[in-house]
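Alright, structures below, take your time with them.
Paired with chain B in one complex and with chain C in the other, chain A is shared by the two complexes that follow.
What follows is the complex of A and B.
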């Protein structure tokens, strides 16, 4: 096991824990830079991973670090996307200015939701953000002059400083740059007083308040920052999907974002990225499995007789081609994670790391949940 | 009259939320999907197997109620004591599974449930009232009376009240708290199934029927989460607001009226009409 002995305050402020960690991130960065050479056919999917990574980051700040669970983050994504497209196409602003403005507009929307949210806790907040998302979806449908209504709105390729970044490789690097920027900003913010205040609010509002944290201010900042990140992600997302329609930004998308932070592991920036990889690549994996799984099962059943093989193949094939299967699978994964691994993929990887670094002294009790009784949140 | 009937449905779904919330402090985001399952089960018995409407109704209630109890015993009991966020996510996940199950088992088409009340109407004091809406209102009133009697006069009902007020004390008094929780889930799922079957002739049955649960949230919050009469009153108020905003406000407001009310209530009076404000003492 490696211990880091800190001998000065400057060391405490560094972005990476030690040189080993920094070198691993450098290796990861180099790896990401040469990805376009290695797997050119999957670049489109990987760009989506980066965009989802930004979304996960945004929700992680709010749900994982501040403890405010939002069920309506797709609405912020939608606001960002529509605002960006409106600024770029209808007003003809430069691309970067438009992205910045879109994130400002989204942050303003975040403050708008955050203000009434100051008085709510726990599940009320989730319900309120859900209601907000449904209202925004209706607004996107009805406000036809700006959003194009149900007909939708086509999106051109991104052009930055009159350089067209619409190609697969260029767009990949654009998304990567924004993701790294977002990670860097968020990582710094979380080590600063703002981030510490957020974590304090998450762990106990009353304790945070008694330590002098202004709940209203910091919750509003959390909402605004989270929404602003979502606005940037929305601008990229608009270019990614190439066509905006109100039904894209539905409740289901919000739930996917939550799935992302839960599966990745609440309360860690790594978790946001793991979750993004998972959610963005799962549909790809499912569609691949759709083609191959019936054949496998058919082959296995074929061992028990010729007819059984063919019949099973047809039955399984029909089953996996049913349209409603995918959201159900998402739901099932969500349920299984909450029941069996509430710490998510990040928690699992930490357990593995600890297992190997302390081998053979690893104890399961290290990660055992302390609280097993029911604590009333009705505050009687 | 239509607004009142739709409001009754919202009220019934909200009642399901409130029952579970009062007893176990879990908020069940899958309530609307239980409603959908109830409607589909009844449809399956009536149309596929040719069972009469009333036996099918009873079967649907019993099956969905049993399912609710099983759900509590196998899945939801494990998350008691975990942060509320986990529970919210869990029930959302369950809802997605139910919808997926329904679309695989019954298909994603839109169905109509034939009932004894379909396409009949009576004129009362010059107003034409269709029997479907009357059936909803009568059903709601009967169900509420039944639940009131159950919670006030039977041993199990009183035990349930005790368990929801103070779990530990109830447990010391020899009340089987776990069983009571399962029973509450069964009742709540049964109420959802009743709401589903009553709603089926008015709106059509499809797998997205469960999204009515979102509007029922507005009803539950308006009435004060945790108040049973509040849930019903809230439901009826939301139903009427929706009706009038459809008539008097521009197009599009009808669909979001419930959510706007929800946001306003949460911002102005988070404890709802009937709720009491509680503050934690340090």
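What follows is the complex of A and C.
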């Protein structure tokens, strides 16, 4: 067990709890810096983790901290991606200016969605954002002069200050830099009055209002900030996939983002990142398993006779190659998480940490849900 | 001049008249209590004063200004803070964060400087923390500073909610049933605190309360709301 001795108010304002925690994050950063040397073949996938991390951060601010669940965040990603590509290619703006402008455009779209959404809560808000996402997808399809319509739009490699950052290693570091920047800005907001106002809105709108929080202003800020982060992620995403088509930004992607924050753990920045790792790497893991699992099972079955081995191999191979396995697995995992670990991966990791730091005195009841008859349980 | 004047307040919900023509004034520095049976409209009066409801008829004058049409989030800035009958704390935040939100009415930092966490924001945060710590000292909340509200007992939550209201540095404090759900000892503490809030902090208190021992211990004046129940005074205070 580690004890933190607080000796000044400033200590509570730091991003890290104490020097030990800060050092662990430094170790993590060094680890991420040498990843390109260790696993060069997975850099593209890890870059996608970072981009999804930004998306998770964006939805975490809105759903996890402000309590506004959006089912249309892929639309913001799409707006960011198309706006960025339009600014860079069609208008020839410098790369960084274009990213900034794309995030401004997306933030404006966020305000536009946020304004009517002020009067809606819960599931009605989710449905409104879902409708927005469908509209945006339609606009991306029809507005051919800007978006290229169904023909799509090719995206060049990112060139920043006339340095080509399209290489795998360079792009990896570009995404990492943006993710760290996003984490820093969000962390700052969350320890400032704005972040507190968001949490207040999530937990009790009426009390927040009576303490002087202007609900309309802070909900709109949350929407705009969340959308702006999504816009930046969209710009990077455009370069990552190299070709924009409207069907990329489908409702399924929005649901994957929601899956990210729920599986990661609502209401924590760690959760956004855990979720991103999970959602970005699960398809990779599945495709790996597709190739290897039938052979393994076949080999095991082969112990019982040559024919059995071959037949099992074929059956399993056919099963794993069936379409729809991936969304099915996603759904199954979401259900299992909501049933068994509503706090997500972040909650599980906190339990593990406590287990080891208090060993052998860990009490299971520490995290057990207590039955209360008050409104406190409404987040769960 | 009175601190708060409620003039001819009428509140209708559709066809139901919840508050019928209530008029009263609260003088600076007093403890003013509203009593009455359930459904008499006491909490509705509170909700009108904190501007959550728009009154059907009537005027509210606070500190010499008409606040009948002021939006609800402006009320805290004008100097009115409140607690709720069924505790409305931010339950997945620490006590400290709850109290710091009470400082929201005094927020002076902008969005961009908060995003970059400039030195000015840091200095302002420490200022807010100073104000919060004074309230923590006043209400003896030190042991609970860093605990999440979900993990606190009902009695402590009541105190935290009062503390949050005090953090706004109000001129008028609205307490909606401060003793409900508290044990006898906790109610006694509450009586002391209400007196201290009045005498030491100089804050005027307007409260709704059922516990007549608490009411008679701390109140300077009492208003009995007897809409549709003409024998309220007899019921509460005896013939």
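To be clear about the criterion, the second predicted complex is superposed on the first by the 369 of 380 C-alpha atoms of A that agree within 3 Å, B and C clash if a C-alpha of one lies under 4 Å from a C-alpha of the other, contacts with A are read in each partner's own complex, and residues count from 1 in each chain.
Methods note: a contact is a pair of C-beta atoms (placed from the backbone, for glycine too) under 8 Å apart; a residue touches a chain by one contact, two chains touch by 3 or more.
Values in this document were obtained by computation on a predicted structure and should not be read as measured data.
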Which superposed partner A:167 touches (first chain B, second chain C, both, neither): neither
First, second, both or neither for A:31, with chain B first and chain C second: neither
First (chain B), second (chain C), both or neither touched by A:189: second
Which of chain B and chain C A:331 touches, first, second, both or neither: first
Contacts of A:206 with chain B and chain C, given as first, second, both or neither: both
Contacts of A:154 with chain B and chain C, given as first, second, both or neither: neither
Contact breadth on chain A, by residue count: chain C or chain B: B
Chain B versus chain C as contact partner of A:242, first or second or both or neither: neither
Touching partner for A:128 - first (chain B), second (chain C), both, neither: first
A:181 touches, of chain B and chain C: first, second, both or neither? neither
Overlap of chain C and chain B interfaces on chain A (superposed complexes): 206, 210, 372, 374-376, 379
Of chain A, residues touching chain C in the complex: 9-10, 12-13, 185, 188-189, 191-194, 196-197, 199-200, 202-204, 206-215, 221, 267, 372, 374-376, 379
Of chain A, residues touching chain B in the complex: 63, 67, 69, 71, 115-116, 119-120, 122-124, 126-128, 130-132, 134-135, 138, 141-142, 206, 210, 251, 255, 258-259, 262, 266, 319, 322-335, 338-339, 342, 369, 371-380
Chain A contact footprint on chain B (complex, rising order): 25, 27, 75, 78-82, 84-86, 88-90, 92-97, 99-104, 108, 167, 207, 214, 217-218, 221, 225-226, 251-252, 255-256, 259-260, 262-263, 266-267, 270, 278-280, 282
Residue ranges of chain C touching chain A (in the complex, touch as defined): 50, 52, 71-77, 81-82, 84, 86-93, 96-97, 100-105, 107, 109, 111, 114-117, 121-122, 125-126, 128-130, 133, 149-150, 164, 168
